[in-house]
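Take a look at the structures listed below.
Next, two complexes with chain A in common: one pairs it with chain B, the other with chain C.
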Partner chain A sequence: MSLESWLDFARGPLFRLCFSLMILGLLRILVLTILGMKEAWDRSADKIVPWRDLTVQTAKWLVPVSSLWRKRPIYSAVSVVFHAGLLLVPLFLPAHVLLWKRAVGFAWAELPQALADWLTLAAVAAGLGLFAGRVFHSAARALSRRQEYVWPLLLVVPFATGYLCSHAVLSPRAYQWLMLLHVFAGNLILLLIPFTKIAHCVLFPLSQYVSGLAWKFPPRAGQRVAETLGYADRPTWVERPRVATDRILTPTEEA
Partner chain B sequence: MARVRRLKFFLWALTGLAAAVGVFRFLFGLGAATNLSDAYPWGVWIGFDVMSGVALAAGGFIVTATVYIFKLERFHVIVRPAVLTAFLGYVAVAVGLLFDLGLPWNIWHMLIYWNPHSPLFEVGWCVMLYLTVLTLEFLPVPAEEISRLASVRRFLVKIRLPLVIAGIGLSTLHQSSLGSLFLIMPEYLHPLWYSPILPVLFLVSAIGLGLAMVIFESHTTAYFYYRKPETHLMASLAAAARWVLVVYLALRFADLAWRGQLHHLAGAGWQVWWFWFELAVMAFVPIAIFSLPQTRRNQTWQWAGALFGVAGVVLNRVNVGGLMHQGRGDRLYWPSWTEITISAGIVSAAVLAFLFFIEHFRVWQERPVDPEADPRKLPELSAVGATWLGVPVVANRTVYSLAFVGAAALGFALIHPQPASSRGIVPVPVHNARGADVLWIDGNLDGYGVAFPHADHEKREGGKKSCARCHHMNLPRDKASPCGVCHRDMYAPSDAFRHDWHAGPRGAALPCVKCHTPGRPRTKETAKTCDQCHKDLVAEGAVIKVKQYQAPSYTEAMHRLCVGCHVERAASRHKPDMPRCAWCHKERRRFVDAPDLDFRGLRAPGSEVVLPPLPESKSKR
Partner chain C sequence: MLLTQEELAKAYTIPKKPEVVRRQRLPVRYHVEDFDVAERPRRFLQTFAAILKHTNYRLALDHYVRVSAKCSRCTTHCQIYLATGNPKDVPCYRSELLLSVYRRHFTLSGILRGRILGDPGLTDEQIQEMADSFWNCTACRRCVRECPMGIDHGLVTHLGRYILSEIGIAPRALVVSTREQLIGKTQNTSAIPLPALIDSLEFLSEDMAEEKGIEIPFPIDQEGAEYLFLAPVSDYMMEADTLMGIAAVFRATGDSWTIGTKYYDAINYGLFYNDHVMEEVLGKIHAEAERLKVKKVLIGECGHASRTAKYFYPSFCGGRGAHPVINILEYTYQAWKRGKLKLRPGAITEPVTYHDPCNIARPGWIVEQPRELIRAFCSHYVEMTPNRRDNICCGGGGGTVSIDEIRPHRTTVGGKVKAEQIRATGAKYCIAPCANCKKQLRELMEDQGVDCEIVGLHDLLYKAIIFGESEGGAEPEAAGAASRDEKGD
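Showing the complex of A and B:
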């Protein structure tokens, strides 16, 4: 297959697959979470849930400069810039709006090209900055999973390639390779959104309620789990600070 | 429960795929989503979903009649599954019909706007009424679990006998009236399938199929739920099914013989083989299996015989419903993958509903219990991701919803939106005219062309300097480029600008910014126009001025050019026939196999066309 047909494939069927998987997958995770919340609510013995406090908490976390601003101002600011770029540029870049208009027949407002360019550069810089923060900040490193390192870098790829494609003077072949990378990285991002931490784009409004409800499981739930596992004589809470070696022994090891 | 779990995963995926295709069908219509056409208006949705679905549901009225009318109480254990099968079968029929009919919000019209002359009117009413009866027959089962519905349940049990009788009446009416639909097409349906007693044949085969379906369903669910199979009970059903099928065979051949149509069996053609194949699957094999005592009492053989019977009747319905309609164009109908997907998805959804009912209500004497759901069971890690997905309810919905969503996304990826907007325009590439002094203009090479006296035209219009009259644009550094270079499609407009010639690696491989303004979206608005680089594109003295990149189709370009000029000349030279079709379209022969075509004299012997004189008022356009 030639480069052109790979591009057609990536922009056509592959994009439709990834995009619809993102939409449906996010809907799925939303419905599953709400179902889980409902079950927790049904099974909880006391139905006193601080709905108001949870709502206030959710609203507070929506404001980017509130609590984090005081503790880690640089991280907070960079994160806001990153999010602005991630949300605005893919949706409102003039060239993307044009693609949508060709595909579905209608279009929406566009960002001015100059603003989009600056946002793109800012998002690239912010993504690299966030990655550096993960790597060099020891507290962040201790909290990070593998996907935490991959995501900022992966998100930077389509921004960088897209900027190069629209601004650098390139040979057609180099342009096509970069464009292919751009589209494939974009598709990969769409595909991964509902299955990774980026699902917070729909789960964010629920997260405070989920934590609130999680405490409402039936009384003695922990005790019963321990009994089921055969550790009825052990306490169901961790008394010491948790360290890596503190794992539950299997029955054979215990014997 | 591992078997059921795998089955459900598969069914949810199929349902998801069908859901995506269903969205596509309702957005873009039948033409885009199916291979149906005016010649083949009824396809697999009618033949399989509706006609076979109704036949598959026949088990409901047969078993209720056996138990409640004939009082054969030993069959009582299979009443509930049979009624449930019938109920879900009819729901599937209604849903399948909605996909075929479209405009689902108009479905109530049948209640208000009566057309009592139409068999479809009768079919529609039967579906509605029988679906109601089946709902009322099955409702006591879920009502057992809901204490609020106790009085409803008592009432329904009280009126069960009238319901059963109504069900039998409606069902027999409906099974046979599906056959009577085809009585109006004796000349379309193949004579081996057409019969004036089609209603009777449909009814009898539906009874046979209903019995086979009960056997098939019982053994299949027994396999999936690790149940003890009801082999003994099924053996008596198999024995009954055998006699029904024998009666069916006798009726079918007696009808053919009585109407003198048996000679078709001696004829050639794949239809005869297909006829024997259908009868073998539908009758010969099941009769053989159900007749031998060893095989009749064996669980696996019973299942195989029932499967053959079910497949055969479905084949019969598909044949009568569309495949054996002949004399409608030379192209055979074959369902598109979207049609098959929708049908499969409807069946999957019905099976999922069936499994839901047997797991949650007392359809069987005891409900199947998932050993995984035992609270004392130790949690097991799932194969993927080595995590515990939760109790079976949670784990199942996590996995099944993933199957559904993934398959639906795959469906959206597979469906190409292009056919929705442009099916019907088949690209027909243009071939340039061939010849020298006389050119044979036949862009699509179908043999119907125009012999164009090129040299004569050149001489008459003033020699070399007249080229630009027709050759209004040329390729760079070319003179008199052929028409088909830009007018590339016979019937559709084509793009005269070749992007690949400019930017492609095999073309000039120019960087984008050579034409496009840097830093702006690369559209034709931000690009240079052709003449900013190519100074010699437009021929000197060209009459036709090009203002856009879209070149009209080859036929349109040729006609506009020639006819326009001929209209002018017709007036000045007093030749009123010049702008008429036959002035140029004289030769109706293939260029290659017409060696005797007189190209010097331009007119093949005997091809003169006499035209009525053109009215004066219309001679000028």
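Showing the complex of A and C:
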């Protein structure tokens, strides 16, 4: 298969597949979360939820004007720039808007090219900056799983390649390779979104409400837990030692 | 890092006998009653599963494992981490201890991955780490306000402690007190017998009569009273001044209130380690409120007891139809606002500061009310920074203040940030309207050498109440009674 046909495949069927999977995946977790919230609401006898405060908290983080700057302002600024680039450039870059128009017959307003260029460069710098921050901050390192290191770098790839493709003077072959990388990285990102922490792109607005509802404890739950475990007559406040419910076993390993 | 190496070494010394640690396989600093250590991971997971089945925690855990971005913003807000600088004290790290167990054993992808990679799953070491970590946290929930993803680390700690307590791992101090409260003879956490309680109330009344020249009673078992009053029971031994202030406020307002003889303890350690305990304790309050046919439940100067009653009484005792729960600060504030209570401006001239107890201030429930009251009778009020909903925990939150053996940890790791915050105000009095905070802050002032007296709000208010004028009809011209727009509760 030639480079061109690979590119056509990646831009066509593969993109459509990844994009659909992303939409379906995000819909799935969104629906599951909402159903979970409904279940929690139904189970709880207490319907007094501080909706207003939860909404204020949500809005505070959705539009981070005040909350971000008190502590670690540089990190906050970089993070906001990164998010702005990630959201705006893929959706409103003139070239992308054109692609949508060709594919589905309609499209939306586009960013001025110059602004899109600046945002792209800023996103690349911010992504690398966040990666470096994670590597050099000991607390952040302790928290990080593999995906924490992969994501900023992976997200930078389509931005960097896209910028090079539209601005650098390249041989046609180099252009095609870069474009292939651009599209494959983009597709991979779309595919991974629902299965990784980037799921917060749709779950984020529900977070505060989820926590609010989780603090609603269903009546008699404690008793039912004890019953399920088979010691309804020996709750935790009864004198110990309580022994294993079904059979007593010797410790598997002794220090 | 705020602490010296010596302070850290002292804070983390395990005061238990090595053979106990070995027998229980639990290298933690708090004492635990003997329990069955066999097959701990299996029993942990069974308990976890049972809890997930019957409660709403699954909703939160599912959400948290999906959105947790490990952004490390909470590092700037956790006083424990700020004190130790140890990455294991970062709230998000602590939560991940439990979230990773959830991900591995209760999500499809985790189970599949475990099978494929041959990962045996939860180990005894992980349980030991959780048992240590979840009790290093003071459950103050300050980090919650700094988490962009809305992860409630306080909720995760709460759940972690709940699971651990069901397999036998919970601080002995709390378990023993709860046992006395639920199935003991005295039905309260401090084991105060009823005759002793009545004696001391009579004694306090006599004291006040002598001082103020009027009869200030503590009504007992008054059926049909407006308010059932429950103090954290330790107040009857340690905070006589607070109780006298409260009785004096009621004497001035003329509202009917009562202390029940069948049950008189507001303390609810269930909030700190076990939902089942929490429900049982609230059930006792409910039964007493029903017996005495009161209209409302009134909780004394106590953060966790107030939060438990306010936010969980409706859950367990009748939903919207449950008795309304209010805190004494709200009551006093409203009485003063309506002119039923008059305070002498400038009654206290020394510098006074106010400590926001996490459990009543963090949700934004009781923040401005006490400040307005204080300004009404103290001429020199100073704020500590940060304050209000962002205030720093006393360092003894989440039940840790009741665990005496961890005092070296509480007054260094837990409280050093707080001590410096209070020292910086230069105040003579620090008002802390919470039994937990008072005990912790007094120990903290002592251990950190800060010269500041810790008092309750009603301790000082007692000196400022003007009796007589407001009896038989409220006069609206009392200090600060300008706006009388509030009605009901």
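Keep this in mind: the second predicted complex is superposed on the first by the 215 of 255 C-alpha atoms of A that agree within 3 Å, B and C clash if a C-alpha of one lies under 4 Å from a C-alpha of the other, contacts with A are read in each partner's own complex, and residues count from 1 in each chain.
We adopt the following convention: a contact is a pair of C-beta atoms (placed from the backbone, for glycine too) under 8 Å apart; a residue touches a chain by one contact, two chains touch by 3 or more.
All values reported here derive from a predicted model rather than from experimental measurement.
Contact with chain B, but none with chain C, is seen for A:Ser171 once the two complexes are overlaid on the shared chain.
By the touch criterion defined above, A:Gln113 reaches chain B but does not reach chain C. In the superposition on chain A, A:Val31 makes contact with chain B only, not with chain C. By the document's definition of touching, of the two partners only chain B reaches A:Leu14; chain C does not. By the document's definition of touching, both partners, chain B and chain C, reach A:Thr228. By the document's definition of touching, of the two partners only chain C reaches A:Ala40; chain B does not. Once the two complexes are overlaid on the shared chain, A:Ala214 sits against chain C while remaining clear of chain B. Shared-chain residue A:Ala95: touches chain B; no touch with chain C.
Contacts of A:Lys71 after superposition on the shared chain: chain C is touched, whereas chain B is not.
Ranking chain B and chain C by residues of chain A touched puts C first.
Where the contact sets of chain A with chain B and with chain C meet, they give residues 32, 36, 39, 228-229. For chain B in complex with chain A, the residues that touch the partner chain are 20, 375-376, 378, 394, 397-398, 401-402, 404-406, 408-410, 412-417, 500, 503-505, 509-513, 518-523. The touching residues of chain A, counted against chain B in their complex, run 3-4, 12-14, 16-18, 20-21, 24-25, 27-28, 31-32, 35-36, 39, 94-95, 98, 103, 113, 117, 166-167, 169-173, 175, 228-229. Listed in rising order, the residues of chain C touching chain A in the complex are 22, 25, 33-39, 43, 46-47, 50-51, 53-60, 62-63, 66-73, 75-77, 81, 87-88, 90, 92-93, 96, 109, 124, 144-146, 148-152, 155, 165-166, 168, 170, 175, 178-179, 182-183, 274-280, 311-312, 314-316, 318-320, 363-364.
On the chain A side of its complex with chain C, the touching residues are 29, 32-33, 36-37, 39-40, 43-48, 50, 53, 57-58, 61, 64, 67, 71-72, 79, 137-145, 148, 195, 197, 199-200, 203-204, 206-208, 210-211, 213-226, 228-229, 235-245, 248-253, 255.
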